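Structures follow.
What follows is chain A paired twice: with chain B in the first complex and chain C in the second.
Coming up: the complex of A and B.
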């Protein structure tokens, strides 16, 4: 399939490029460790004053933190670099180079750029998850693992669609780079299960910025909270968002006038 | 002295005009910024309610007051970033700054002070909305309001000096990212930004007393929300003054030796 072939091709080029700068690996490890320590300290502070937070135990919140780091890694490895590149391409008119290629333009702009050192966060998130699941001693079955992976994939798809929609707004307003700061601020909310937030904020974190589906729902899968209803809802919403993103991309593309026009 | 005052006023005016241009961008940025304290606020309010109403001397309403005042202090905390020095050196801006008759520190101080004027104006509606939503317990005395006004500018100066000194390390090496990250992590944990200092374990509170971070963040907030006695407020002013002086001393030393290296590298 076109999507996977292109994905693999660009990924290989990125890896070869980045391997020239190996010191960045250690810089990234250091940064990820600092972020992990900060997260653990925050968790320790909370649980030095209480035994549970909105019905979640300390270990269960460690699961949430693991998913948050993991998903953050996915976002920064694949989604964010591509969307940043798209923003600057629209601003500078260099998007023409992507549009004139024979492949589907949406696929192309979504797989051109990778930051492979950010995969360290994916590994770090997985490690945190392993420790947390081990501490939970629930005995995670095949079904739970499967629903966790599915929930994670759906979450990533929703974040991608959400971000593509916002970035596509660049066709109309050109300057959208502050979207990044906005998203990073809101994504922090995912460090805690969305259930603790007031109702209006929960709605926002579920439907406006799909942090709830990206982080809380996969964590629910691992802590035995996930219902089939939620999973089906996630599937429906991600399908809806994907179609919407596709439609807005098409519409926006018609407005794009290129560098020389 | 008059000329210097004039320079400050002109630079501030310039900064105000510049910042007012991008109002939409400003609000995007502000919404991203208030996400952080709102998250902390929700977490600690939840805990306070499950623990019978009070945690570490804070009720839910006082947490709301703490984290709403937090948003203003965070704005006052924005100064020239140490990461900016790499850009200044790479792009030759520093050479231009050296040619001017006054120390470049004055420009940064004045420029960011000008930004603060705009930041405070833009902050007012956000504070109003947050107040309506989270219902803070805030009933400051006149002394506390006055103290707060001085303390936020003290905080601005403390952080300006320390980050300027930190940024000057770039004159020796450009691999400074790790040092900065370490600094910012310590600052996050021990300044009162993540949690009010009184919620930290005792040993961390003692550690924080030896470090400058809380005087640039937690202290001004505590002044306004009524956590401090008049003596403690005065003591805080003293500590701010002390850390500003220490920062100035560091800048003087680092600048003297660093700038010699710079001319050697850049020539």
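Coming up: the complex of A and C.
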């Protein structure tokens, strides 16, 4: 299938590209460690005052933090670089090259760029999760692991669709960088389970910017809180967002080629 | 010409852009926030032409004439506002994979090779995207490396190549899938003369080997003279001329050049026409086309001439005259 073939191809090229910049590896390790320590200190501070936060214990919040780091890594490794590239391509006119290739244009623009050093965050997130799950002593079964992986995938898909929709706006308004910067800020809110926020913010973090589904829901899977309804809801919302993103992409392309103007 | 014997068929093609318009100044800028005024610009206005398989056609026109817009419509990047296009029997704007696999677009000012890795790895990427069979790919790649003299360069990161080397690499990469139709937009822009010649030679060789159809825009007349027997001239989005390059000079040149070799080098020929060059006994005169024969006769009668020839002016000058005419024919 085109998706996996192109994904693999570009991943290979990106690895070759980035292996030339080894310094970046160390910079990234440093950055990730710093972020991890800040996160842990934050947790410690909160729990020096209380024993639970919105029904989540300290260890359970460590799970949330792990997922947050992990998903952040996925976003920065794959989603963000591709969307930034897409945006600059639209601005500079180099998108023309992608559009004259015999491949699905949406797939092509979504897998062309990887920042492999950012995978350190993925590894770091996994480590945090391992530690947290070990501390929880819940005994994670196959079903839970599976639902966690599914929830994670759905979350990544939602974030991707969301980001593609925003980036596609570049076809109408050429400068959308600031909108994307805004996402970084909103994503930070996902550090905590969305349940602790006021209702209006919860709704926003769930349906406007799907941070809840990207972070909180996978964390729920690992802490035994995930209900089938939530998982099905996540699947439905992912499907909806994907279809919407595809539609907006096509509409944007038509506009780009002046078919709808 | 019927559809079956043409590679490119363009009929009554139009493209209109809607561009926002506002006056200069802050006030106008603020006003445009609320009320946008726009204006229609006819980038391409009713153009028709056909290109036969294997033809190399030069696409000429000043900046903003509509060349790039036409190339983009032909390669499926832009929808025509009106009119019909068929390239290899496909409607380009549908962007069918089977169509895209048979064409290529090279834009001299924009790169597509991966910057940080050697071109040879980027080539590999193209092989995969175009699904070129391994053996065929290797054969084509090695041919190109030889033809363009790329040995030793394909293994260097692209960022370490000179502009000319990079362009050769870009062209090689864009042709690996052996497209049947090439759209080349200023492929030699900014390159030195040697490099331009190199690329020209390669395009000619590719056209010859694979009987590919080439549509080329360039500001360098040398490119056009070397590659294209036929040229299409557009100006203000309209077709001004479509025919042989030599006919273009005949039709549009307002002047001819008379070159005379004099027995007496000191003779002053200023009264016969504008002296554009004078070197020892050799004089080049620019005279209005209509009066060429009269002046030639007078020259031969009045002055002692050892040699005389009448030539069309250089193609650059012709093109300049063509574009200087505001009134479209």
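Convention: the second predicted complex is superposed on the first by the 256 of 261 C-alpha atoms of A that agree within 3 Å, B and C clash if a C-alpha of one lies under 4 Å from a C-alpha of the other, contacts with A are read in each partner's own complex, and residues count from 1 in each chain.
Basically, a contact is a pair of C-beta atoms (placed from the backbone, for glycine too) under 8 Å apart; a residue touches a chain by one contact, two chains touch by 3 or more.
Fair warning: this is a prediction, and the values are worked out from it, not measured in the lab.
After superposition onto chain A, the partners chain B and chain C occupy separate space and fit alongside each other.
When the two structures are aligned on the shared chain, A:228 is found in touch with neither chain B nor chain C. After overlaying the two complexes on the shared chain, residue contacts for A:17 are found with chain C alone; chain B is out of touch.
In the superposition on chain A, A:102 makes contact with chain C only, while chain B stays out of contact range. Contacts of A:94 after superposition on the shared chain: chain C is touched, whereas chain B is not.
In the superposition on chain A, A:188 contacts chain B only, with no contact to chain C.
Contacts of A:6 after superposition: chain C is touched, whereas chain B is not reached. More residues of chain A lie in contact with B than with the other chain of the pair chain B and chain C.
Using the contact criterion defined above for the overlaid structures, shared-chain residue A:50 touches chain B, although it does not reach chain C.
Between chain B and chain C, the shortest distance over C-alpha atoms in the superposed arrangement works out to 10 Å.
Residue overlap on chain A between the chain B contacts of one complex and the chain C contacts of the other is empty. Remark: chain A residues 5-6, 9-10, 13, 16-18, 20, 92-94, 96-97, 99-103, 105, 108, 254, 257-259, 261 touch chain C in the complex. For chain C in complex with chain A, the residues that touch the partner chain are 15, 17-18, 72, 75-79, 81, 93, 95, 97-98, 100-101, 103-105, 107, 110-112, 114, 116-117, 121-122, 125, 128-131, 157. On the chain A side of its complex with chain B, the touching residues are 27, 30-31, 34, 37-38, 41-42, 45-46, 48-50, 52-54, 175, 178-179, 181-186, 188-189, 191-192, 196-198, 201. Residues of chain B touching chain A in their complex: 25, 28-29, 31-36, 38-39, 42-43, 46-47, 50-51, 55-56, 177-178, 181-182, 185, 188-189, 194-195, 199-201.
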